[in-house]
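Letters A, B, C, D and E name the chains as they come in the text, with residue numbers starting at 1 for each one.
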Amino acid sequence: QNAPIKMTIATGVDPSFAPYYVAREGGFFTRNGLDVTVNTGPSGSAMIAFLIGNQINSAYGAEQAGVSAHLVDPNVVAVAEGTALLRWISVLGRNVENMEALKGKKVGVARGTGSETFWLSVVSKLNLNPADYTIVNVEAPEMVAALERGNIDAFAVWEPWPTRAMRAIPNTKILVSNEQIQIVRNFVYMNKGWAQSNMEATTRMMRALIQAQEFIASNPTEAAAQVARFLRQDRAFIAELMTKVEYKMNLTPDSVGNIQLAIDQLRGMNRLSKEVTPAEVIWKEPLAAAAAGRVMI
Amino acid sequence: MGFVELDGVGMTFRGRTGAYEAVRDFNLELAEGEFFCLLGTSGCGKTTVMNMLAGFDRPTSGEIRLEGRPVRGPGADRGVVFQGHDSLYDWLTARDNIAFGLRLRSMGRGERRAIADRFLNMVGLTGQGAKHPSELSGGMKQRIQIARALANDPRMLLMDEPFGALDAMTRAVLQGELSRIWSENRKTVLFITHDIEEACALATRVGVMKRGPGGTLKAVVPIDLPFPRERTSDAFMACFRQVHALIHEEIHPHE
Amino acid sequence: MNSRAATVAGYLIGFALLFAIWHLASVFIVRSVLFPSPFPVFERGWVLIADGLLQESVWASMRRIIQGFLLGSAIGIPIGLAIGSFRPVRLLLEPWTEFFRFIPAVAMITVAVIWFGIGEESKIFLIAYTTVFVVVIATAAGVGAVGKDKIRAAQCLGANKFQVFALVALPATVPYILTGMRLAMANAFVTIVAAELVASNDGLGKMLWDARLFMQVEDIFVALISLGLLGFATDRVFRLLIRAFAGRFNPTM
Amino acid sequence: MNSRAATVAGYLIGFALLFAIWHLASVFIVRSVLFPSPFPVFERGWVLIADGLLQESVWASMRRIIQGFLLGSAIGIPIGLAIGSFRPVRLLLEPWTEFFRFIPAVAMITVAVIWFGIGEESKIFLIAYTTVFVVVIATAAGVGAVGKDKIRAAQCLGANKFQVFALVALPATVPYILTGMRLAMANAFVTIVAAELVASNDGLGKMLWDARLFMQVEDIFVALISLGLLGFATDRVFRLLIRAFAGRFNPTM
Amino acid sequence: MGFVELDGVGMTFRGRTGAYEAVRDFNLELAEGEFFCLLGTSGCGKTTVMNMLAGFDRPTSGEIRLEGRPVRGPGADRGVVFQGHDSLYDWLTARDNIAFGLRLRSMGRGERRAIADRFLNMVGLTGQGAKHPSELSGGMKQRIQIARALANDPRMLLMDEPFGALDAMTRAVLQGELSRIWSENRKTVLFITHDIEEACALATRVGVMKRGPGGTLKAVVPIDLPFPRERTSDAFMACFRQVHALIHEEIHPHE
């Protein structure tokens, strides 16, 4: 028996990254002969940057952050779609009934995050005029305070904020949820240079994540307990949040579409320093090596 | 009841190196208008006594009374000239240092300046009022301190070797000025000096302290000569010799 | 004159050395895409200046820094003097200052937003918050170091507690206050970055966060260098003002 | 003895007042779900202590703070002394210190990770970084304030430049250094929060960020109060150590 | 060529209040082993001259040479006793202050202590070596400073009113000690004082300065009397009167 292979992975603290947590808490990494250190930071996207210096071997986060990092270092690649965020991001309003009534009012958006991506999609999908809304840049954790104080009339942000805000502030309701607009997806990223020279470890990690995903699908209650333990959060709360997403561990045309969308959005914001294609950002070999059937592109 | 009463006063300092009893059972009564000179070897406790009388330090035993009321802290009624020059305000000019006490009483700018200039004159620093302490010589700083205390016109003056860093001539001039001010206003003065001649020339009584630890008043010599005093007179010489003998005895107790 | 020339020459050499080492480090030692050499950074800086974007950010941040810094100092100096001068005040207020100064401004963002909303006020509050404690401590330490003969002299010239405070403790403490303010200025610069995390649409902090999110390494370094150089310049101006207006309080600075 | 009792009483009253005001503010003035009253916070703190979670976080953070703080001080004191004592050193190094001290630690995270990885080293580096400049400035200011007669006396007793530096400038500057270190300690506490933003699995900073992400207001306040109280306690211990070991350098502190 | 040469030395201070020419065209030559006393009214420039000779300040005109080489800075060959007590190290005990120079030369702990105790003894502070400067009286601090300079055994001594804050007896004892040390080792001494008798008792030559601005050496009186000197002798009295007249003339130039 060989000594376990050491790996470091990093991500945010958020149930949408559950496969990482479950793979660790449920022992899937260990069973695949991996000794994995899971580091956490303020958001999954922030941790993707650490792939560049090869400080970590894998990260889990949103499309835009992955593409941005790929632009700086082509070694940063997406190896699998991890999570589809079905009812995860919403526009939540206070004392407003619908998007029509929101016209001329202030909307809080966290710039550069999924919040902004989502708001841009809402505007384009519903054919709204961006000039009708005053966008206020607010960090996600301050959204509730700003809404409570009346600095903004609505915000576009991910869970748990909408749920929290609805519980805490009267007369609030969800105006649009991302289900109607755009399914946002979180991807698993790796450093390609490292992965190619450690193909064995890479394949084992993919295998462990797939097993974790299958475990979440078959044992949602137990999986939620594991995630709650890892995050030191309330079990029921985590279980509720986990129903709003779907864990995938595959690569589909939808995955490619989302990467393409992220590229387009970055271009629109003048943040695309050079042209890239989804084919460059996505690297399917590891997933193919672990479970060829899950690669559907 | 005297104007000032020191009643069994003692002071023990507690430091890292243990306790040190600097002053023990010090008794003295000063009448109003007296000019009392305190003499004693270096380190015998003169400054310590003065600090207690000024109200800076509380005696660790005994009591000090001013007009019958215990001294609880410093006040404008007792003007102090300190040993050393740390008490001058570096950020003020010589003139503003002198006028500091007047400013506290919200005296007008012009009047303040006039008084300060008069005292600058008196201590021989005419025209040097715009200099800051760091631009003054040792003796000049000392004179600014004296001028500051005098300009404030306190009822009682406590002076710790005020003329120590001065040349004989400047010293003589200031002795004369002090004596004149004292005779005119009859302030009560406690004057610490090492100069026996100076003490005999200025004082109505001279006190000599025993050396420490436990420094205390050893003897008091009244000097009943008229002012201004003739320093070469036989009576003056007799006083001088008497005080000198007391101090000498203190240094060489077995001779 | 000669000494001033030496000073400027020293600064120029110092900065040249700094950039030379940076260049060498980026080329030979670190070699990471996240650590660019100075040239692309200067190039990017130049572009931002040409577009007027850098000036805009600098101006927005500097305005906040200066307002918060002045507010914080104006509150901190009297509190520090009071803590240093009056024992009851010290006993009562010290738990407050010694408690809050360890709580980071970044953690106060939420509270700031609750109280002051997401506008300028909350940013200025955060900067003042970070300034005030340094000034309080330095001022109180200064009061403690005033020569006791200076205070005694004032007392027996008839000064009451307030006069000792205003006419002796304050001026004698000026060098300490100024040192405290110089130290606090760095806190203000540090905090602007946290403050502009809150709902802001301009400023060097926002530039930094945006650049971080989109991995625009050159922009990050432009923002950092701007902060550093601005800080350096502000500190020099502060020292000049001190020399010009408060020189007599402070022969050593 | 009596004075020590007064001190403790003052502190107790001060803190009691602080919590009373907090309670009143949360009930009558602010009234926000984001601003809890002290009671649920204490309750939550108690739960975290019972689970051993709070102690774990405190210990993790304190270890980093102390290591970084000591490292930063150990580097800052000699540099500050050198800047204060030798003009060429000052001219050359001042642009560096006066440049970097305005660059926030939070902005240095990326650089720290490139150099030191995402382990403990980068966190300790960030704390040392934030400590060092305050200590440098305070020390250099202290050297400038050493009485010139003290230095002259050493020179004409035969001291060379190094001896003046080590035997006069250093001990005479101790009060300034200690004040600088006390100020820097707050920086260390502030920076631990930023440092634990980088890939860390324990500590009060991580607790704070997690709580922010999940909007667990009570946890946020538990973390803040822990930081404040720890800082307060650390500062007291620091002062006691000063009194015990360095009292003769520092009659006023 | 003298041991020390001051050649047309001048010093102009430039401050906020404008320039002040403290010393102008000061010329003096000291032979090795001379004991030179410098007298003058307060503020005439004595300390300024001493600071330049010690190497603390550069003359703004003229030159100072020591054994033919220009003085460029302070050195262990010239021991200095400062006016005021700021030069003592507050963080060291009295004994460690005295031994400071010896420590600089890495002398062993035991030897250092022995020498320091010898000098503590000499200045009359036996057993007070463990006190810190803040626990000492003004005169005691001054004596520590003297002991520190002497313990370092420099070739030349520069002393600025070293006995200013001492009582007559302590002063006489220290004068005797200084005179003895000087006769034994023939150090070169520049001694600033306001006490004419002290000057005449110690010096081989006495210099009197003209008052400032532009203070300069006005006259030098050689004193060719054997040591120890009999202060009541006619020759001594004659010297005293001569110096006294020079100073008096300076104060009242028109009389």
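By our rule, contacts are C-beta pairs under 8 Å (C-beta built on N, C-alpha and C of every residue); 3 or more make two chains touch, one makes a residue touch a chain.
Keep in mind that what you see is a predicted model, and the values were worked out from it rather than measured.
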Q.
Quick check on the contact network: minimum steps from chain A to chain B?
A. 2
Q) If every chain is reduced to the average of its C-alpha atoms, which one ends up farthest from chain B? A) A
Q.
Only C-alpha atoms count here: how many degrees separate chain B from chain E in terms of the superposing rotation, rounded to the nearest 5?
A. 180
Q: Based on C-beta pairs in contact, work out which chain pair has the most and send it over.
A: C-D
**Q.** For chain B paired with chain D, centre-to-centre distance based on mean C-alpha positions, whole Å
**A.** 48
**Q.** Whole-Å gap between the CA centroids of chain B and chain E
**A.** 27
Q) Using CA atom averages as chain centres, what separation in Å is found between chain A and chain C? A) 38
Q) Among the residues of chain C, which are close enough to touch at least two other chains? A) 32, 34, 110, 114, 212, 248
Q.
Give me the residue numbers in chain E that touch at least two other chains, ranges are fine.
A. 16, 84, 132
Q | Interface hub residues of chain A, defined as touching at least two other chains | A | 49, 53, 141, 145, 148-149
(Q) According to the definition already given, which pairs of chains are in contact? (A) A-C, A-D, B-C, B-E, C-D, D-E
**Q.** chain A-facing residues of chain D, complex
**A.** 32-34, 53, 110, 113-114, 117-118, 197-201, 206, 209-210, 212-215
Q. Can you list the chain C residues touching chain D in their complex?
A. 6-7, 9-11, 13-15, 17-18, 30, 32, 34-35, 88, 90-96, 98-107, 110-111, 114-115, 133-134, 137-138, 141, 144-145, 175, 179, 182-183, 185-187, 189-191, 193-194, 208, 212, 220, 223-224, 227-232, 235, 252-253
**Q.** For the chain A and chain D complex, residues of the former touching the latter
**A.** 8, 10, 12-14, 38-43, 47, 49-50, 53, 55-56, 140-141, 144-145, 148-149, 160-161, 164, 168-169, 231-233
Q.
Show me the residue ranges of chain A that touch chain C in the complex, using the header's touch definition.
A. 45-46, 49, 52-53, 65, 68-69, 71-73, 108, 111-113, 136-139, 141-142, 145-146, 148-149, 151-152, 266, 271, 273
Q: In the complex, go through chain D and note every residue touching chain E.
A: 147, 149-150, 152-159, 163, 167-168, 171-172, 174, 248-249, 251
